[in-house]
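The letters A, B and C name the chains in turn, as written, and every chain counts its residues from 1.
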């Protein structure tokens, strides 16, 4: 069986700098894989190569067994992507945003389905017809996740999903992600939140200076390998 | 699928207050431009109608009590004019700086045709706010303001990748989004133009061509904005570059082309035409009569047998030296006319480098307010003046008895268009 | 004080490091230089050409042989208007009006052969002049340079730091204003050079440096507008967009709108139109060529009585000359009446146009600039009036010679044969009656007086803009 997400000896060079160097991993269906790393470790670049925004300089990147380079649109249609700052339109309401983006993704959803999705992410009913510019970061995040839910894609890519959220919102978010994975979605998230990653992920990969320096199952090892993690983050000071 | 994209982007546009502002502005400006144009054309028509009437009354008055053909021709002025076309409301063009009405009589034409009955000089200097100016110069700026940050603003809100990832491809996102704006702009500009065309009674063909020009110009500017805004730069840098491009295409290229064309095609000093004509006419008084009649007969051999001047003053000699004055100046006049046409032709080629100049010239051409039309009007005045001579010479030279009744047959100026 | 210069210096450092800003400034400098050199060159050659033509016209007139005096009335003369020194910066209406005029008896001609008539038509902006660049392009450069002047500090968060350090918003704004002021000062240098050059050519220093002052005020207004936008608005793209819109409005739309509006509001009939009305009246006066016209009966009675004779043949002067002189005077009075009316209407149109300066400082500075340079409509009107005086004087002097130097009987028999025609002439020395004509615009103080409205509006704009900058800067918060 092919993995929904696979990086094969992925390397990436941008403007002469090596961003990713021989990175290989797979994420199985229903699995949550968290890539941990400091600033500039190459986390976000990894996500962008899966979306076809960055072309690998070496190796390959596959979505559902197909190379992204051969059919970008196919890859994107299988993926819901949540950028770091939940990037929805501030001048539109949650309903209007969902309507717009679903249309953009060529996806039809009934009002009932939309409400169900918003219910699932626990966005207050009275907030749904308000413009997003009045939302807190957590509420925007919820709207963006509702969009991901409605798109019913098998794969979810999350970029620093919990940064800037308060602890309660983080917990809610983690529960939601776990529920999604249980429902069969494949989730790749990148984060520098070590403890959060270990709480939610099935497996954690450590990215350091563009290299995958280690990966371990988080579930069986609540006490994580602090040395490896610190080594990965030490890069920040070095930069 | 494409249709759904457009429906979505229209809904999106309807919530974008910035874009709506630019669109509303373009509509208001278009309404203002065409209403001023329609008013101006109406005023010019009224002026012409008035002048035709007054001119006829004045001529009748002048002819009353005349006793010979010579004085009748001397005192009778004739109004000539180029009426504004039905589409002139959209582009006043050269009508503001080149005369479109004259009153001529049978004296040397070169002393009359260069009279400039133009409006307040400030008008010609600053220029009018007509549709052609709007479409040529202002609309590109509005389009730039409407489109420059389609991508860049999403990028600076870090929404760009998210949008593209959701849409799957850029084509189904940026193209409809921009097209909706461009189409909206075009429609809001053109609707007032269409309405005004109906009111002014412009032909459908001309309106269609004007529509084509506007749409074509928008497409060119769209392409320019599209190419520039693909550069991954901040919105303000993009806007600065686009304004720079606008300056280059709307101001620098036309100014440069104009300077080059005018240096390469020197035009005879108009004063020389007048001087030559005046010297010829005035010298004739002191010269032997044959000095006038000989060159006159060369161009009018049919009056050879009546070309003997016996008296100290005879009207036919007087008009002959007026004619000879024109003949003497003719080569210079032709040079002047040719140089104007040549400059205009080259300007037409140079305008291909500047969408602004091109649109303005194309509109002037459609409206019949370009240099060629103004020169054509001058040619009509020359033709009419020749008709006047052709009417009087057969009466004057054989010295037919004066019959004021025949003057009812005086040629009347009829504009071609 | 040091804080302000410090802020200004930082701003300059930033500009010098920005490729966009340096490129924009260099382009403007290049355009300004090229246009100035071309215009200075063109105006200088036009000036000497016109002067030569004027002298040549006078010499041809003087060189005419013995003739019948009325022939010289129709031979006529030319008046030329050489461009004033400051026209090399602001050619003004000269290109539109034509700069030479043919003067003859019984007629007031218009100035002929305007440059625009024979110009290559490439649309509204093709006639580029240094003044046009200052009016249109430099505000745009200030916008590019300054749209993020203040909000950059906000974007980068340094505003909070500065305010926290106890710097006031006003001080910060003054620093930014100083930086922009230095830019404006630098771009004034070409204008100052042109002004100084024009003074060396005989232009009054008052006019030349009032012009410099006017443009300085104009650019300061734009500087203040730019600074205000960068204080009020929070995103640089929005600030740039808003400023470009203000520029589009003030520099392109309002001036042309004002032209349309003043032409609709005040109807100034053209020359043909007012001539036709006048011609009807003229006919009542009689025709100067025909001394037997009944309208002259009264004049005849009066003159006969004055000289105490019975018939015009007995008069010691030439009756035909008397008639010509009389009717020229009457006609001129009538012509001037209508011309003054027409010029008055045109002047009030231009006045109305000037009032639109309240909506666009570009209108004010352009009116001010034309008036000070002596290339405005009023100067053109002055040229028309002065050339009319010239025309009337030489025509009347010739008519006087006609009356006094030519015998009446000889005169009426002039067409009998060649010998009679030969006799009906006067000595060419009489042509010396023509006055030397050298057109010069109004005195500097008079030109300055004409700019009162525009100058007032410009100063109002400047004060308003400065007050708004200070008010917004004082209320600035993080």
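In this section, contacts are C-beta pairs under 8 Å (C-beta built on N, C-alpha and C of every residue); 3 or more make two chains touch, one makes a residue touch a chain.
Computed from a predicted model, the values in this text were never measured in an experiment.
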item	value
Most distant chain from chain B, judged by the mean position of its C-alpha atoms	A
Chain centroid nearest the full-protein CA centroid	B
CA centroid of chain A to CA centroid of chain C, Å	69
Chain A and chain B, separation of their C-alpha mean positions in angstrom	63
Rounded Å distance, chain B centre to chain C centre (Cα mean)	24
Chain B - residues contacting chain C, complex	18, 29, 32, 36, 39-40, 43, 47, 50-51, 54-55, 58, 61-62, 79, 93-94, 97-98, 101-103, 111, 114-129, 133, 136-138, 141-142, 145, 149, 152-153, 156, 234-237, 239-241, 243-244, 247, 250-252, 254-255, 257-259, 261-262, 265, 267, 269-271, 274-275, 278, 282, 285-286, 311-313, 336, 339-340, 343-344, 346-347, 350-351, 354, 356-357, 360-361, 364, 370-371
Chain B partner contacts - residues on chain A that touch it in the complex	48, 51, 53, 72-73, 76-77, 79-85, 87-89, 91-92, 96, 99-101, 103-106, 147, 151
Contact footprint of chain A on chain B as seen in their complex	1, 4-5, 8, 11-12, 15-17, 157-159, 161-169, 172-173
Residues of chain C touching chain B in the complex	20, 24, 27, 31, 35, 38, 53, 65, 67-68, 71, 74-76, 78, 92-93, 95-98, 100, 102, 109-114, 116-128, 136-137, 140, 144, 147-148, 236-237, 239-241, 244-245, 248, 252-253, 255-260, 263-264, 267-273, 275-277, 279-280, 283, 346, 349-350, 353, 366, 377, 380, 414-418, 420-421
